[in-house]
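These notes open a run of structures that come right after.
First chain A sits with chain B, and in the next complex the same chain sits with chain C.
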Partner chain A sequence: MELGTQLLQYLLSGLATGAIYALIGIGFSIIYNATGIINFAQGEFVMLGGMVTVFLLKAHHLPLWAAIPLAVLIVTLVGFLFERLAIRPLRKATPISLVIVTIGGSILLRGLAMLIWDKDTHSLPSFSGDDPITVAGATVLPQHLWILGITLVLITLNKWFFSHTISGKAMRACSCNPRAAALVGIDVRRMVLFSFVISAAMGALAGIIVAPLTMTSYDVGGMLGLKGFCAAIIGGMSSGLPTVLGGLILGVLESLGAGLISSGYKDAIAFIILLLILFLRPQGLFGKPESERV
Partner chain B sequence: MLKLKNINTYYGKVHALKNVSLHLAEGEIVTLIGANGAGKTTILNTISGVTPASGGNILFQKEEINALAPDRVVKLGISQVPEGRQVFKSMTVEENLELGAYLRYRARDAKAAIQKDMQEIFQLFPRLDERRRQAAGTMSGGEQQMLAIGRALMARPKLLLLDEPSMGLAPLVVQEIFRVLQQLRAERGVTILLVEQNAKAVLKLADRGYVLETGKVILEGPADELLENAEVKRAYLGKDKKEIWER
Partner chain C sequence: MSTRMMTTALVAAMLLLSTSLACAAGTIKIGALFSVTGPPAFLGEPERNSAQMVVNEINRSGGIRGQQLQLVVYDTNGDPTKAVQMATRLIKDDHVVAIIGPSTTGETMAVIPVVEKDRIPMISCSAGSKITEPVKRYVFKTAQNDSLAVAKIYEQLQRQRLQRVAILTVSDGFGASGREQLKALAGRYGIHLVVDDTYGPKDTDMTSQLTRIRASQAQALIVWGTNPGPAVIAKNFRQLGLRIPLYMSHGVSSKKFIALAGAAAEGVKLPSGKVLVADLLPKRDPQRAALLAFIRDYQRHYRTEGDHFAGHAWDAVMLLKMAIANGGATPEGIRQALERTRNFHGIGGTFNYSPTDHAGLTKDAFVMVQVRRGNWVLAP
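Take a look at the complex of A and B:
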């Protein structure tokens, strides 16, 4: 294959994985903006999305089109309960103790997944077959297109929610100035609950659409969570476009690194970017210093 | 309309309000004056449900509202314009005003009524109209104060609590804001509780006043009497406050 075609190939598959990182990253950012904490259980929502779908398909023989929304619903419920049982009772706690609670929650969810199901890796069928499609000499799988399409829809919905609905604006108000938000009558605790619900749903969908490509198991949440976190850090913890770009950049760099250097370096790239950003541009790649996070 | 009886509020062990009692009749403008740390902000936040009192009663239109959550208090018709304006800086002027009406969105036909009220706010403060799409944080202090007042009005309050609205503003802007407060009372019958350090100007605007010192009400009475009161003159109306502190 020519270098040009090869690069295009890496670019396309990198964009698809990057889209997944973007969705996970947005989940991190939404909760961060509502609460000021990093939810280390975010990767577990992603894992649960894939695993619950596999379980519904295999054990309950549901068709894919029914299993997916049901799985999203179940994981959303997990996010809801997680906030109600683990986060809300500690609302007065310091951020660091809340972060530790989310780490605990992450270990718990992972353990439960292992107990309920198993330690094996599972595959999910592609949404519409595996016949590759040729684009200017490079090949993409139909699942890649599904990923890009669904991500585009979710990001558009997300953008619409935060800039055109009163609930979305109320969530932004809470992250901007919680005291003032309470004074106009916004129930800040409800917005925190909302943020967990939305993030769980987005994480679950990310986990479902990526599972046909990468397989899934009880422990995929750790690495996917880290990649999503990296996307959010590149994006300066924005719940909008900057984090989407962060995810895409990370996905493409990983894919290029794996293809041109060695696949052994793939996961190291996220760590290196994470450290570089935190040291050199803690406000994110695109943010001005001290700018408002939206 | 509003009655506080023997209110005690604590921040941990700090006893910020000690047996505070005060009342407002419908349509009154009442001011609360006192030095830094006297507890003025705490009184407003106790009414708003942000720092609930540990003892005492707050009656609003004969209903007990002590320890209600802030959103319930707003719903009953009490809005606060907080100290330091506290607008949503990264959001536009329009969005700030919409958020002021947050609790009204669930009602039927809410959107049209909210739009209409927003137009009224723009008539009250034409400068906000010019800046609809601008991020609130990029406006001047006076404009942010107008926005904070407009945001509170979007909830259609019967009682408006204002915390040092004149702080850091040029005299001309302060005049404009005080004029709007008078207009609100005259045209809409809004009752106003106004916290100020700028005692002279506010006592000319208000009907009655309370003087607060270290968490206690030490004086109360009609505004014109307070203006003439020797104690108030010494502590709050001196031409140069610093001189008095240093003495």
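Take a look at the complex of A and C:
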């Protein structure tokens, strides 16, 4: 097989993985923009999405089309409760203590998942078969197309929500200046709650659409969360296109690195990028310094 | 105040005395170190279950020479540091006569100096060849050596005249040990490793590595890891349309692998302990009786299939039971009796320990199995 096909395969694999990082990364940035904190429990929402779906399929024998929306709903509720019980009571706290609260929350959620279900790895059936599709010598699975498609739809919805609805605009206002937003009558606390609900739902969906390819278990949240965080950092914590590009770039670089250099450095690549961005361009790869974050 | 303290001290002393008397009268304490939680929980949990099951059974049928067994289990979390602390606690506080476990090679290597110093026999449930090579006086093991599994695969490749082989191993203790053996034995079987690649235990996409392997024109691929990585690889392997024979390690020899990989598992071959295909073994197989009994008991107690990891602990407790019966309930007696074990037909294989061999198995402990129509069958 010649190098061209190989490169195309690396690129396609990378884009599919990157789309997931992008979805998770956007969850990070939505909460960051509404509250100024990094929610390290974002990865656990992803894990819960996959695990709840597996549980609904196996224990309650629901069909896939019913299990998925129900799982997203349940995880959204978890996100809602998480904000109510862990974040809101501490609204006067500094961002650093809230970040630590989210780390504690993530450990709690992971432990609960382990106790409620088990420590095993589970697989979900693919949405539409496992027959590979050939693209100029390289192959993708139908599930990859689902991932890319759903990511695209979610990103578009997200963009529309933040630029064209009152709630979305209100959330942006809170991120610019919570005090001024409160003065013009925006309920800042409700916007914070909103941000957790949206992030939980997006995380859950990300967890569900990757589970047929990557499997899921109670402890998948940690690494996926970190990769999503990297994507958000590359995108300068924007909840729009830059984070999506950040995720895709990360996915492709990982895939190229694993294919052309050595797979031993795959995770190292992500974290080296994270450090470089934080040192050299803390505003993100595409942002201008002091630019407004949306 | 001082009277009350005196009373407390007295009561405490009496309690201590009475428990130690109780021990001396009728129970033999054996310790167990399993990673019941943490990443290797898939090893530790079934091991703990089956060890407890066998100990209960021994006690129900009258114990060993009239003495009851008591199993003290500590969870090591898969952490070597914790394993060492717990081993010390078993020896110094619980005064056990022997230790079963730990579950992983890394933990076992860390605990070895402790048991060697305190002269307590230990039967490890982990696979790494270096545990018993060179032989340590007090350390035995029940899990089959990686080298035996590698030899089984290479033998078949040699028969089929496949020489250009790619290996893909997981970057943890299990994979590193497998990789070492794969590289060390390749020459002996005339095998040329054209790609030697690795993947991370938490990786979710291995198409990059497989694309490279496809380009290398390898004639067969050997994957060394534990779930879920190999299931992901099997899926990626089918996705890329690779047609070469796909071999895996005994690390995924369970129904779980087929459940995870689904249709992609079809045709995968691996060397496995016989427990996976116990019902398909010929009637004359000496292990058959033990295997079927183990599977039945485990199913009854835990409502799930006993895998070969559970079998490692089953073997360890049974070996200890025989050693205590033959050599007495002292660490040195157990050690000497273990070394005299001959033809014990267990779950992992037929054990023959000796002063120069504390692993006790040959490559006959493995059979080649293959996935056919969603089930494991004996491979031709």
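The working rule: the second predicted complex is superposed on the first by the 294 of 294 C-alpha atoms of A that agree within 3 Å, B and C clash if a C-alpha of one lies under 4 Å from a C-alpha of the other, contacts with A are read in each partner's own complex, and residues count from 1 in each chain.
Following the convention adopted for this analysis, contacts are C-beta pairs under 8 Å (C-beta built on N, C-alpha and C of every residue); 3 or more make two chains touch, one makes a residue touch a chain.
On a predicted model such as this, the values are computed, not experimentally measured, just so you know.
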Chain C versus chain B on the shared chain A, clash or fit after superposition: fit
Which superposed partner A:K169 touches (first chain B, second chain C, both, neither): first
Touched partner set for A:G264, first chain B, second chain C, both or neither: second
Touching partner for A:K119 - first (chain B), second (chain C), both, neither: second
Residue contacts on chain A - larger count, chain B or chain C: C
Chain B versus chain C as contact partner of A:V184, first or second or both or neither: first
Least Cα gap, in Å, left between chain B and chain C after the two complexes are fitted on chain A: 39
Complex interface listing, chain B residues touching chain A: 48, 50, 69-71, 74-75, 79-80, 82, 86-91, 95, 98-100, 102-103, 105, 135, 137, 151-152, 155
Touching residues on chain A, where the partner in the complex is chain B: 166, 169-170, 172-173, 176-177, 179-187, 292-294
Of chain A, residues touching chain C in the complex: 1, 6, 9-10, 13, 16-17, 114, 119-123, 125, 130, 132, 134, 139-141, 210, 213-215, 217, 219-220, 223, 255-256, 258-259, 262-264, 266-267
Touch list for chain C against partner chain A, complex: 37, 39, 41-42, 45, 171, 197-200, 202-209, 211-212, 214-215, 227-228, 231-232, 235, 238-241, 256, 259-264
